[in-house]
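Shared between the two complexes below is chain A, which has chain B as its partner in the first and chain C in the second.
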Partner chain A sequence: MSQNETTVQSRLLRGAHRTLTGLHPALESILAAIVGLLVGAILMSIYGFDPWKAYMGLVKGAFGGSYEIASSLARATPLILTALTFSICLRSGMFNIGAEGQMYMGGIASVLVTYFVLPTGLHQIAGLILAGLAGAAWGIVPAILKVTRGVSEVISTIMFNWIARWLALYLAIYVVVDPLRPEKTLSIPMTARFPVLVRGTDLSYAIFVSIAFAFVIYFLLWHTAIGYEVRAAGLNPTAARYGGIRNRRTMFLSFILGGVAAGLAGATIVMGLPPTYAIYGGGGLPQLLNMGFDGMAVAMVGRNHPIGILVAAVFFGGLNAGGRVMQFYGANPVPLEMVRVVMGAIVLVMSIPELIRLFPMVKKQAEGLIGWLRRATRRTEREESA
Partner chain B sequence: MSDQSTPSKNGFFLKANRITKVYSDGTVALKEASLEIRPHEIVGLLGENGAGKTTLTKILSGLLPPTRGRVVSPKGPVRFTSPREALDFGIGMVHQHFALVGTFTAAENVTLSHEQPFTRTRIAETQQQLESLMEQSGLHVPLDVPVEKLAVGEQQRVEILKVLSRNVDLLILDEPTSVLTPLEVDELFTLLRRLKNEGKSIILITHKLKEVGSITDRVVVLRHGEMVGDVRTAEASTERLAQLMVGQALDEKADAVELSTEEIPTKRVQQEIDRSGAGTLHVENLVAKGNTGEIAVNGLSFDVYGGEIFGIAGVEGNGQTELVESLTGLRVPASGTATINGTNILGLDPRQIYRLGVAHIPEDRWELGLVLPFTLAENAILGVHRWEEFRGPLTLLRWGKINQHVRRLMDRFDIQATGPSAPAKSLSGGNQQKLIVGRELAKDPAIIVASQPTRGLDIGAAHYIRQTLLEMRDAGRAILLVSADLDEVLAHADRVGIMYEGRFMDVCTPDELDRERVGMLMGGATGKEGE
Partner chain C sequence: MSFSDILSLLRISLHAMVPLALTAVGEIVGETAGLFNIGLEGILLLSAFGGALAAEFGGPGVGLLVGMGVGGVVSLVFAIINTYWKGTQMVTGIGINLFAMGFVAFGLIQLGAPGFHDVPRAVELVKWRTPMGLMSPMIVVALVLPFVIHWFLKRTRAGLMLKAAGEMPEAADVAGININRIRILAAVFGGLLAGLGGAYMSVAWLGVVTKQLSAGRGFISLACVVFSGLNPLLALLGAFIFGFFQALAEWVKSLPSKPIPGEFVSMLPYIITLLVVSGAIGRVRFPKALGVPYKRE
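Take a look at the complex of A and B:
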């Protein structure tokens, strides 16, 4: 009888354990999002705002209607691509922090389409190619430095972000500048703009570029021998070498693909963001700023899986879009910065490795404490009776 | 022999009482195992891999809590929540993998393990303590040399000193002989006997029956987590122990080589091999450097012909790893030549070498042979993932065909797993190794480089893999077998090279060798001037 019970119990436990480990990555991300929102709520109540109302505003502003959903998706568009940059490289075992800089270069390169005339369709493609090439060119230099000189890709990509930022600013102000309006670059010609998808919003067809690229990367990584090599090299470089995989090659490939993704991200912003379709130099490239870094957060929440990234990017896009609404919401004007606090908290929680595993540890500690208490009481009882 | 000085009124030092251990994933590692440890005794803990030997000792030494049951001392039940508590109680364990800081001296390492302030005076004190301890125990280690400069046997002695310096009464050794030369094993056993006579209890984990017979007083046999035997060594025959260990179901496998201590079976079908001219694998004056730049392979020349197994015996770390890596493209040798069927292979990368018909069963299956987070299917194509069979246009992987291939492998090589999409890390060691062997043999190779192919496997799996290698030999393949398991090499190789410090001490057929001579050659002594 009791034997039977224990087997049923252990089977149930095993089943629950298996389900939990299967859902593990998604669960961790969801948990991190919840914890991040909680931290935001606590901060809001400390500063005298009503977190519940604020979050209602946030959700309404993000997903409350077709306009809101469209603007959330519009904000997700470049994030998907910059997140892919980080993820592809991480899958091959590299930390590419350079999405930001590669995205600047892609954005500037796509402005170059103003210098030639092409029919619609071809013109967009030309812009994407230019941006992709520029991003890849910017991404390949750290890879070369790594292979030939052993320079850590973390350091070099971060430094390249700064070079790219000031180079892009210089180019925007002095080279591809609009002669009539020196605060902005030339505008992308009509034939090269991504048409708006939902009228009256800034969601353009550029989102399909992002989604398509995510699926291409998914397919590449899990359904081709090339992607197989990238993943093998990332998970176990020694075994990959044993398996005849040339790790240098997978490294270059991942940096090139990552650079292309980041470059495309720049292009989707410049060519697909109404109403200006240009880069503003004033205030240090405000439309582009931080899109690369936010992409890393998206990649983490999306667990470095292209499909996960699509979901996570919509979540972050929603935070960005809804955050604007939150600050105008009735008598409860929560500053926009609060949204960034929430994002920061999410990233912090995500970076606690193996979050779920913390719980067995807590459980073990609690069990130890209970056991100790029990023994202590028993001991005192025994002493009393003796 | 000193008399009973240990405080043990009931005649035992420690008792494990009906201990059950269920791991969090549901695996039952121990079922109601009971064990009594007395002073003045060496207990052999015998069992196959996964029998629960290590789990039991980990519970005794405070690394794991038992699920049910308890550990009892003469004074009542004890409960250790950490190895430190067990050490304070007098139980110390020497693990298979040493926990030493390579650049520290023995004295510094021992001081570090005492978890006290790491000061100069403290180290000097420890050094003094160790010197008197060495005097007492007859265990000698140079104390002021960085331990990385010491031989493996000496490092092990440092580990033992580390535990003894805490004044333990029960010493647990986890497979201590697997890394030692025959001479070092003898020294270790002398030491253990002396400790026993001083009144200490010793638990020796092993799966070598021979050692059980030569050193232990009592043998406890574990099988699938259950205690299946607790006998006095003097009253147990080797056959009986082997039977207990592998169980009745595996009876036909009980004649596997490891179990016969007397004689090495020579099942060899002596076929004449034409050994004139260059072999399938031809190596000449090969020199290769180790990771730290020292000469690891020092001018080796040999040939391996189709239809034979060329065995390389020797204590690990005498250049075997570097030799194998040089031949499989993982290491660029310093000089020399190596050809496979006439094609020079030095300087080629692994993929090019595989294309010449080389299969490589690597020594480290976790670091080299497998990508552990990958699935069975993904691992089954490592190295052959670009073959036409598995790859369509644009290098698209044909998962359908790959899964078919994996199912065939699982069938043919008896790989126990839930399916092709099971992660490789969920497989047991034996099944992981079978997966590697299966993958490599599926290449239909002309030459197989097998490095420690059966290390850490239970008898069933090891037997199966050896049998497979013999089949490949009979099918005319050339096999280079590198193994630290002397019995394995002597039983299966047609010719043996005994490697010491990057050179062959001798190359001959196994019949020309007796164990003593092999032992001396492995230790670097030539037959004539040996001790």
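Take a look at the complex of A and C:
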């Protein structure tokens, strides 16, 4: 065996070893998704549905063609942003359950662009800024309450969700209402709409707002000093404090960033979702409802990492889009709500750290494989040096 | 506002207090042992649904019992994940809430009418005729239970063991207490009470199941727990305050003159919760090991 050949072999082995260990979190997410889908399947068969057919319908409806993929991506657009809200705050050590309310405020604020005239481009940016500000304003109050009065952010953000819901309903029904069609708000003017990306679908350019924001957050958290401070405060607040990190500042920053993300989520729904580009106050805000809560599931499966969130959001967007098809699929109409059952089960399973421990067989095999790779890498390296 | 108005307001407040008080007291037991369950909202919803179905099957008593059972089982899952499997309690709770939201909506669709399900009058728990009007007997349970739990936590050996498991699990472990088992028992007890509260809502009080039946009550009970600083008697007081404001909101909404838009009145209980919690906090101290899974060294 020549020297060159062993080097290549050892490099390959080391690469495989690293990829496998690096994929560990992703594998856990996939395992959780499988368990969640199984729970859904069991419930479906209890209720007398055929889970196999239902999931076939779901997959076809989610990724069966370009129309289906576009509609999955359209569902993923706001989920990316609300998931970022949850995970930015979790990275800094806090549970921000308030994406729902912050998103309502962002959505309502973006309707305000109907009141002024701007050229295309600027008009969209104005809407995004308004929505981001509204979301941040709604998100900063729990942070203030936590810093000044020690109120748990879990309780305050939940209360703010309910207040935001009623406030948004009031504003949608009485203030920014369309005088001709009182069941909806004013429609976003043409100049402020995000153009449709794939003709005939509801996927618009708004998805680039979500993706761009995810990359901004990734850069901010992993490649700047302030982002390092946020993550350090989340890992161990006491140690971070001794290290000279001002925990209050990181707390405020993460809540503001989270609020901006959730506000933008509202804007992407209102300004980027055909056909009406408006919120329906009469039906209880149907387009916005639960996007904030679903975002938490996305954040969890995406391992609270912006890039993971992008992948997880496409998965959950697919579940939502496919769920719509599933409920009309053949003689096996499973209600859309089953999707949320699956999400809940996935989050429940995701809360178990080192999930793989619970599956001794899988764990044994995986450990065996990784051990073999490690030994093989060492052996080839030894041969190399010899 | 006449005297009869005040009486009916008081009556509705007492009825609205019951689920909050039961859930909060159960959560106090769980938190004393060190488990923080934010899945209460989902437990209320699931047990209201399960209780209503069971009541139609076997009468109100069965409904309440099955509701308790549902709450107990969900809490058992929560507790096992967060003791033996060292889970993250917040995330488990969020999962329970999401699951409940989906499952109840799904179940309601399967029952026929999407969105809501009426519990027949015949299987609702009988209400007592009192000088104040029709009162549910569950009010008595909710009024007495906090005192019993208060005595249990302060005066009994088992209550002190719970406290030890929440304050300093290492020491309790050395003293021969099985931390995981005692935490599971405490959480399941809390789940039973929350389940009773949920079943009460559908079987004994509102007579209906909707997908938003719990309407944040699980979180309001958590706020009661925070407000009380793990004292069941204060939690009862908190539950009454929140119940009163819910009743007040309903009363203002029913006024023919509509002095305030209904949306703002509906916000009232949540705003009051925020105000009370931000006023009460500071003096409150929670168990040291709350929310931390116990690992033997």
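Operating definition for what follows: the second predicted complex is superposed on the first by the 333 of 386 C-alpha atoms of A that agree within 3 Å, B and C clash if a C-alpha of one lies under 4 Å from a C-alpha of the other, contacts with A are read in each partner's own complex, and residues count from 1 in each chain.
Following the convention adopted for this analysis, a residue touches a chain if its C-beta (ideal position, glycine included) is under 8 Å from a C-beta of that chain, and two chains touch if they have at least 3 such contacts.
Please read all numbers here as calculations on a predicted model, not as lab measurements.
Enquirer: Could you look at A:119 and tell me whether it touches chain B, chain C, both or neither (first, second, both, neither)?
Expert: neither
Enquirer: Contacts for A:275 in the overlay, against chain B (first) and chain C (second): which applies, first, second, both or neither?
Expert: Once the two structures are laid over each other on A, A:275 reaches no partner at all.
Enquirer: Who does A:339 touch here: chain B (first), chain C (second), both, or neither?
Expert: A:339: touches chain C, not chain B.
Enquirer: Looking at the overlay, what does A:242 touch: chain B (first), chain C (second), both, or neither?
Expert: first
Enquirer: Between chain B and chain C, point out the one touching more chain A residues.
Expert: C
Enquirer: Answer with first, second, both or neither: which of chain B and chain C does A:179 touch in the superposed model?
Expert: A:179 sits against neither chain B nor chain C.
Enquirer: Please report the chain A residues shared by its interface with chain B and its interface with chain C.
Expert: After superposing on chain A, no chain A residue contacts both chain B and chain C.
Enquirer: So in the complex, which bits of chain B are touching chain A?
Expert: It comes out as residues 22, 24-26, 79, 81, 328, 330, 349-352, 354, 360, 362, 367-374, 378, 381-383, 385-386, 390-391, 394-397, 399.
Enquirer: Can you name the residues of chain A that touch chain C in the complex?
Expert: These residues of chain A touch chain C: 43, 47, 95, 97, 145, 149-152, 154-156, 158-160, 162-163, 166-167, 169-170, 173-174, 290, 293-294, 296-297, 300, 335, 337-354, 357-358.
Enquirer: For the complex, which residues does chain A have touching chain B?
Expert: Touch list, chain A to chain B: 10-11, 13-14, 17, 223-226, 228-229, 231-232, 235-236, 238-246, 360, 368, 371, 375.
Enquirer: For the complex, give me every residue of chain C touching chain A.
Expert: The touching residues are 38, 42, 77, 81-82, 85-92, 94-103, 105-106, 109-110, 215-216, 219, 222-223, 226, 261, 263-264, 266-267, 270-271, 273-274, 277-279, 281-282.
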